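Please go over the structures that come below.
There are two complexes below, and they share chain A, which is joined by chain B in the first and by chain C in the second.
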Partner chain A sequence: MGSLFTPLSWNDSGLILAGIWNTIVISVVAIVIGTILGLIIGFIRSESNKTVNLILSSLLDILRSVPLIIQLILFSTFVGAWGYPLEPFVAGSIILSLYTMAFMSEVFRSAFESVHSSMLTASRSLGLSYWQTVFYIRLPIGIRTVFPSWLGVALSVIKDSALVSVIGYMELLRTSDQLISRTQQPLEILLGVGLFYFLISYPLSLYGKHVERKMAL
Partner chain B sequence: MDYQFHWNTVFQKMPEMLEGAFVTLHVSILSMLIGIVIAVFLAIVKMNQIKPFSYISSVWIEISRNTPALFQIYMAYFGLGAFGIHLSPYVAVLSALIFVNAGYLAETFRGGFQSIPKTQYSASKSLGMTNFQSYWYIILPQMFRRIYHPMTNQFVWSILMSSLGILVGMSELSGETQRLQSLSFRTLEFFMVAAVMYYIITKFVLISASLISRRLFKGEI
Partner chain C sequence: MINIQNVHKSFGDLEVLKGINLEVKKGEVLSIIGGSGSGKSTLLYCINAIEKINAGKITVDDIDVHDKATNQDKLRQKLGMVFQQWNSFPHLTVLENVALAPRIVKKMSKDEAIEIGEKELTHVGLGDKFDVYPTKMSGGQQQRLAIARALAMRPDYMLFDEITSALDPELVGEVLDTLRVLREDGMTMICVTHEIAFAREVSDNIAFFHEGIIEEMGSPDQVISNPQKETTQKFLSKVLS
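Now for the complex of A and B:
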């Protein structure tokens, strides 16, 4: 009788590539949506008074104080119980985007607040309207200041996207988990997976440090 | 929505949930304490460029910062099996958290230390302080102020990330919740209670940290 376990072969590369692709897709979706939402909320937070800020920050705090894994399980069970079960990809994207949003809003709030008020006075006195000031002055200058921290959040989202596996999305780590249970070769597979994450994350983090150093000068 | 909530099942299991929460707390405290000790070593070795160790320190820091925590837990739980090392879920999660904490905190310590101007050291030496005195009374207190908040965040991060124990069958809060919900199928209720418990734990930690910091750092510089 043949063994239950078959060793790793080249046929598995398709599976791994699919896993890599899925990881990239969900990370990009979460980063894009999270950035847009975070930008909006960050703007609202920098423009509003203390009460609104307190309400918003305590809502966002929930997203940051509950483990992502619990949020994912809770959300996907909740929509299921509600009668509208979602695909793992959709449910995962929603939660991951909201989670990203919570961190991004903080980044963009400091972006808007980093622009000195004399700049705003100057641009308004040059005849720019309120929204022109926002789009041509505050946004470009602010985003440049917070780019390193934006990159840091984006990198952590790529790493956190591994957790979406818990609701059944076939991203890289879940794929490798399944391969491990079939091939019983955990070390080779895991080292490959780790290398993939490292190769994405390390150059970007170096670039972030480089930008940070350049701006500090 | 025609879902019947059954909170009684959860309340009956409350002692077990609290036990899980206790495990979550002590695994994160332990990982933090051991992580700090290793991080101090890594940071010192990296700053002083002590040759063979500084490479290990750099590799450790970069790997821990650039790979997902889940990967590290899998590595500790499944990967080490290839070397004949079989860790229990608890030890696997603990060692993965220690690994990450040490890597992140080493960078925090290094940054905190380098943010103190060299003139502080020279000034304390010229006032006649010994080497130990200038570090103990001048450099370290200032450094501690700067790394206090990053350290608190790292601690909260450990609490949240210990929830990954659910994937390797550890019986911390999430793992315990997973086990209990599989017995009763009240998934939603159990995980809602778990989420609230996590929220309370992290809020408790953050609030007490800020209260402590208010006492510790009374005189602002």
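Now for the complex of A and C:
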């Protein structure tokens, strides 16, 4: 009788690459959508009065403080139970994007608030309209100061995307989980997966630090 | 012509302008002097529609500044303004700082905007700084950049709000020289300033502000050499000492 388990082999590389690809896709989707929504919410927050800000910040606090894994399970279970079962990719993208948005909105709020009002007055005095001032002055000046924190959020989203595995999305972690049950070689596989996350995150975070240092000068 | 009739302005309960009347004709230079908090900046902001007024009327070339029907973005193209803080746009080069508003407000072509930018920068003595980022320049240079940036919109009037007050003393001269050039060009200007000697030299009229009213107004000879009011005399002896 042959073994139940088959060792890891080159035949598995297609599976692993698909897992890597899916991790990258859902991370990019979440970062792009989360950045766009975060930019809008961050702008609204920087322009709003106390009441609006209180309401918005409570909603965002929920997204930020309920563990992502619970949000994923709750969301996919509930929409499923209401009769709209979603693909794991779709459900995962929605929740991961909203989660990203919650953190990005803080990043962009401080970006907008970092531009002193006298700079905006100077712009308006040249005849630029409110929106021209937002797009040509406030946004580009503000964004420069927050690039390192934007990158920090983006990197943590790549890592957090592993949690989407709990609702069945075949990203890298879930792929390796399946390989582990088949091969019983957890050490090699998890080391490989860890190395992948490290190789993506570390150079980017070094770059972020480099930009930060350059800005401090 | 800028015409200011009985303008009142309050921030909450604090009445900052208590009935201001002024007239500045084309080609004239008016300097406004007075103590801190007397409402000088606020008046400039009201002329530029950055601040609303509570009563009275301000017209610029017969356009009612605070009328609801007035396009204030358009009106501000007539009025260049330079502030105590120069507020250079740090993400743009010196030339881009000056060319930005002509390009996006006046919708000029890139070449036209650059041509105007180069001309105005040369005019204020920054002809060798086109591609520099403004944060690399001194305060005096950045303040001259702010003047060129305003001039590039080809305003009919210039409003200056204590533009030398935040400068190191050795940099004041180059900025005042730039104002002298504008004076020679025949630019109509309102200068809020603490540089009394300069005001006396370039102004057609001087207004002394005190607690939201114009305490005394007239030619430099009248207001500076022969002030009639005790508040004016006190103020002058304080700043001239």
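Here, the second predicted complex is superposed on the first by the 217 of 217 C-alpha atoms of A that agree within 3 Å, B and C clash if a C-alpha of one lies under 4 Å from a C-alpha of the other, contacts with A are read in each partner's own complex, and residues count from 1 in each chain.
Note that a residue touches a chain if its C-beta (ideal position, glycine included) is under 8 Å from a C-beta of that chain, and two chains touch if they have at least 3 such contacts.
As the structure is a computational prediction, the values presented were derived from the model and not from experiment.
S.K.: Examine A:Y197 and indicate which partner it touches, taking first as chain B and second as chain C; both and neither are also allowed.
M.R.: Only chain B is touched by A:Y197; chain C is not.
S.K.: What is the contact status of A:P140 with respect to chain B (first) and chain C (second): first, second, both, or neither?
M.R.: After superposition on chain A, A:P140 lies in contact with chain C alone.
S.K.: Residues of chain A touched: more by chain B or chain C?
M.R.: Higher number of touched chain A residues: B.
S.K.: In the overlaid three-chain picture, which partner chain does A:I36 touch, first (chain B) or second (chain C), both, or neither?
M.R.: neither
S.K.: After superposition on the shared chain, which partner residues are touched by A:P67: those of chain B (first), chain C (second), both, or neither?
M.R.: A:P67 contacts chain B only, not chain C.
S.K.: Considering only the touch criterion stated at the top, classify A:I55 as touching first (chain B), second (chain C), both, or neither.
M.R.: In the superposition, A:I55 contacts neither chain B nor chain C.
S.K.: Let me test your reading of the model: by the given contact rule, A:S125 touches which partner, first (chain B), second (chain C), both or neither?
M.R.: After superposition on chain A, A:S125 lies in contact with chain C alone.
S.K.: Looking at the overlay, what does A:L17 touch: chain B (first), chain C (second), both, or neither?
M.R.: Neither chain B nor chain C is touched by A:L17.
S.K.: Which chain A residues qualify as touching chain B in the complex?
M.R.: Touching chain B: residues 61-62, 65-71, 73-74, 77-78, 81-83, 155, 159-160, 162-163, 165-166, 173, 176-177, 180, 185-187, 190-191, 193-194, 197-198, 201-202, 205 of chain A.
S.K.: Quick one: in the complex, what on chain C touches chain A?
M.R.: Result: residues 48, 50, 73-74, 76-77, 79-81, 83, 85, 87, 89-91, 100-101, 104-106, 146, 149-150, 153 of chain C touch chain A.
S.K.: So in the complex, the part of chain B that touches chain A is made up of which residues?
M.R.: Per the stated touch rule, the residues are 1-3, 62-63, 65-71, 74-75, 78-79, 81-83, 156, 160-161, 163-164, 166-167, 174, 187-188, 191-192, 194-195, 198-199, 202-203.
S.K.: Which residues of chain A touch chain C in their complex?
M.R.: Interface residues on the chain A side: 116, 118-119, 121-129, 132, 136-137, 140-141, 144.
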